[in-house]
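What follows is a group of structures, each given as structure tokens.
What follows is a pair of complexes built around subunit A, which joins subunit B in one and subunit C in the other.
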Partner chain A sequence: MTDFGFKLSKSSAIELDKVDTSLYERLCQAEPGARICMNCGSCGATCTAGPYSGMSLRKVILGLQRGQDVRSMLSGCMLCGKCSMVCPRGINTRHLILTLCRIYD
Partner chain B sequence: MIDRISSGFHPFVLPFLAGMIFVLGYCLYGIIKILVQLPAEDRKRFFISLVTPKTFLKNIRDIFCDCLLHVKLWKRNRLLGYMHSSIAFGWFMLIVLGHIEVILFLPHRIHLFYYPIFFNFFVAETDSTIQGSLLFFLMDFFLLIILSGIALAMIKRVRSRLFGMRRTARPSLLNQIGLYALWAIFPLRLLAESFTAHISGGSFLTEPANWVFRQFLGNNLNMLPTWWAYSISLGVFMFVLPFSRYMHIPAEMMLIPLRNAGIKIRNARKGFARVEVWSCPNCGVCIDACPMSVDKANIKDCTVYLTRQIRRGNERRIEEISDKCLLCGKCEAVCQVGVEGPALRIMTRAERKYALPQDYSSIPVESLTEAAKGSKVLYYGGCMSQLVPSIGRSMESIFRKAGVDYKWMDRDGGICCGRPMFLSGRIKEAEEIVRKNESVILGSGAGTLVVSCPICYKMFKEKYTLPGIRIVHYINYIEELIDAGRLQVTRSDLCYVYHDPCELGRGAGMYEEPRRLIGRIAGIAEAPKNRSESICCGGSLGSLTLSFAKREKMTRNALDNLYAAKADALVTACPLCQTTFSRYADRPVRDIAEIVDMQTVGTITKTDSI
Partner chain C sequence: MFLTMKENVVIIGGGIAGMEAARQLLLLGYNPIVVEQKEQLGGHVGKWHRLFPDMSSAQDLVRRMEEDISEANIFLETKVNSINRLREGYQVMLSNGVNIACRAILIASGFKLFDATRKEEYGYGVYDHVITNADLEAWFNGNADPRIPHAPESVGFVHCVGSRDLKAGNSQCSKVCCMTAVKQAIEIKERFPSARVWCFYMDLRLFGKKYEDFYIGAQQDYAVQFVRGRISEVSEALGGQIQVKAEDTLTGKPLRVRLDLLVLMSGMSCNPEMTRLARMARLDIDSDGFLKSLDNIRSINESNRPGIFFAGACTGTKTVPETLAEARAAALDIHRYLQKGL
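Moving on, here comes the complex of A and B:
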């Protein structure tokens, strides 16, 4: 293939009608706090595991809403609890993460 | 003294006899079950401790002091101490004296083990046994002591506040049956012995009672019914005992040797944990102590209800209770028996299965180790300290003033200490984190690790193996700097009230050091509930399910306790407590490092490490 010095990246569009959000729904049932997240990103900014595994609770919740695979992020969590200290919505983030680890399939 | 009944038997002893055999059988079954459930190495350790003279003597002393005399309870609350020891020790003495009577006067009956209990029914006094009068006196004396204890127990049931308890555990049906049977035993014994006192002899209690009864009941017809009633109440009590809180009586005698052998809870249901659960006397002291029980909320989530639900096998409630707890450890600190509420809960959490395993292979241990190299002193702030930058800044300033050559291990992000993971019951994952940190610290070449977060400090002290490295809390470290003359202290006229963080006080036993350090730089006031009874700030990482909103009440309650000291500002030594209090406090909340930094000047300019 000729190298033009630039390339087209694959479309990252998500068809929300087709993605499977059942995991997110189950999470919301077990920990309703997931619904009140406003994606501010405070959790990700303070995350201890963030620099090593890309963990950010904001991205995890967003990913679940889009039906994406968030396992690699989630598995890096050390449960230190900083996200729960900074969350402006008062979400019990540690319970959310533990619940998610429990029900993930 | 002679046998009144030649066969040495009467049917009325049967209820007692059946109850006694049942209890002994159940206890034997319990002991075997526990020993089988203990891991092999614990079992071995237990047997060795039983034949080691030192632990053997300690077992005897502890059982005597704790189970019979209730020394710990006396120290805490004299009225409750008297109530419990009068019943326990008095009853013990009645049994011992009963045996002495049989051995002295009717040694051929000693093989009948109901004889010492119903001695007065089976004997007739002859003129020759005047030596018995001392024993009869002692029997009546201890019966009186027990009756006074029972009277106090009845008053306590109606008005527990008189005994310094605001709330007590609601007794279950079987506990109630056991309680009323226990209350009935001793008055019935008094009646029974009184009705027979003119035949068997008696002392200052039973003889006058006998005289009074004979004035209007001039026959012996009341004798048998009361002895029957006495025996039946004993029998009922013993049949209920294994399924009620009274199981704590035999269980505590097992708990003490196991604890002295150094055995820890490894499973929330089996082995040592089972003994602890049986040993819970359901007194409910933990209810008043629990920080969650403020405003009468969450009362059913206290340790007394956890042990009850474990006994019932109610899995749903066990999980709920275990997940909600803040793990502040106060119930354990006030428990007279030493039931380890937090450990029971952590082990319950540990049984949970997670579909998604944690994976920490992406943590770059090598580069973190490189960054930590170069100094003899390594400072670990911990995750929480990163959210309270003033702590780290103050520590840096103190290090600089004292001329300490240090490295801040997690200034730009590090690895969690693993304690939050441990508290949530994922022990293997926590150990994985611990191994990562260990290799960073050992690889850094440092000789001293200064830790400023008490949560991390406890973890480092208990779960880390760091040979050759001194783990020191910054309070101790700053004191050493001041003592070495490297920091000069000026006093301020502010008055602080110190809040004992759970993990530093109850967790690591550091109560005096922080107070001493604050006392050097400012005035210090004490809150009504302090030291081992300090109230958790409510921000604890221990709780998995408590919501932010529900914690607010607990924080405000803890703050009210601190406000009572009427200090200018609050001071603590935990970044989590500080953040939690700062949300609602009406006055400044500081960390010890901050106030030390404000009040010190350095005396050394050359950089060096100690």
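Moving on, here comes the complex of A and C:
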């Protein structure tokens, strides 16, 4: 191919009505708590592994809602459960992460 | 036997603030005279369907309030032509030719629903499936609306339309629209359970009694999704769907979605009628454009003019219970003011 010196970049836009959220829906079936996250970020802020691995449960749930693959983030979780202590909505976050891992398996 | 003449109190505005104040003034032994521009009482609430937090009927509320003031003088389709200061009190001249001498006036002229056509980027009045919160309530009340599809599969709600918008001349938050959006999102899901519903917000301001519970309920029981990001642009897709653009500010990515129906949360803005009254009665206007209370903490119901009082959204955005509480407080203020003079 001739190199014309420019390229077309893929749009990074999220097509909200087209993204595949089946994984998120499956998670919600098993863990209804996944629906009531209000993106406060307490989980990510308290996460022991977060600063080193990029793990943030808020981002995991949001990513699922946007049809993204969040496995790399999940693998950073050490299952310490600190996030469940700080969640103001009382989401059983540790259990939710385990459930999600099981769904991915 | 002594004939006691009941003292006149002119109430400008026959919405819920004016009606509640009239009820209290009747109970206190006065002769309230309600002046309403429209052909019926009830104002904006009279056109609403259900009220949060208990989903009670707005129509019932207005009907009961009307019954309570059946003994008051009510002038419908009437405007105030002039307010003149007398040696003691005021002379109020109405458009129907009636002149009233009174020592106290209550201004309850309310707000004006923001005209959504002014936010051109949202396409209200341009595209087929863009409506406002008020249109949706009218439809809930049984009014046909061809813009609402028979079975919408995707519905979006836009918060802050004309609120928190300096360019539109409204810096204020309209307070009730966040909660109204959550309420209406739930009501849409109840009617169309398979529809996907998104609310596009900048902040969720759910401050009132049980508002937060509605929010949790909308997420948990109705799977309503909340997207933080203001819709920047609306266009029509082939086939008549609404194409919406926003930034998903939580993921930091641009976001697009096609919707069958888009509902704009028009906010509360200053009522031009209020500005006209202010000029007539030489009332001060506050820095936010609403009528200026004597003191925004202690004397919300009092104006800079003796004998002129305020109730409801003429001094700023209010919820229904706030407005009713203010109306009762204003009636008491008027009572004290008139007693003091005797």
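Here is the rule we use: the second predicted complex is superposed on the first by the 93 of 105 C-alpha atoms of A that agree within 3 Å, B and C clash if a C-alpha of one lies under 4 Å from a C-alpha of the other, contacts with A are read in each partner's own complex, and residues count from 1 in each chain.
To be clear about the criterion, contacts are C-beta pairs under 8 Å (C-beta built on N, C-alpha and C of every residue); 3 or more make two chains touch, one makes a residue touch a chain.
Keep in mind it's a predicted model, so treat the numbers as computed, not measured.
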Check subunit A with both subunit B and subunit C modelled on it and let me know: fit or clash. fit
Applying the document's definition of touch, where does A:D3 land relative to subunit B and subunit C: first, second, both, or neither? neither
Would you check which partner chain A:S12 touches, where first means subunit B only, second means subunit C only, and both and neither mean what they say? second
Does subunit A have more residues touched by subunit B or by subunit C? B
Can A:D20 be said to touch subunit B (first), subunit C (second), both, or neither? neither
In whole Å, subunit B and subunit C in the superposition are separated at their closest C-alpha atoms by 15
Hey, what residues of subunit A end up touching subunit B and subunit C alike? none
The answer for subunit A against subunit B in the complex is residues 33, 46, 48-53, 71-72, 74-82, 84-87, 90-92, 94-95, 98, 100-105
In the complex of these two chains, what residues of subunit A are touching subunit C? 11-17, 28, 32, 35-36, 38-39, 62-63, 65-66, 89
Flag every residue of subunit B that touches subunit A in the complex, lowest number first. 352-360, 362-364, 383-384, 386-387, 413-416, 418, 420-421, 424, 426, 433, 539, 541, 544-549, 576, 579
In their shared complex, subunit A is touched by residues of subunit C numbered 154, 196, 198, 215-216, 219-220, 223, 225-228, 248, 250-251, 253-259
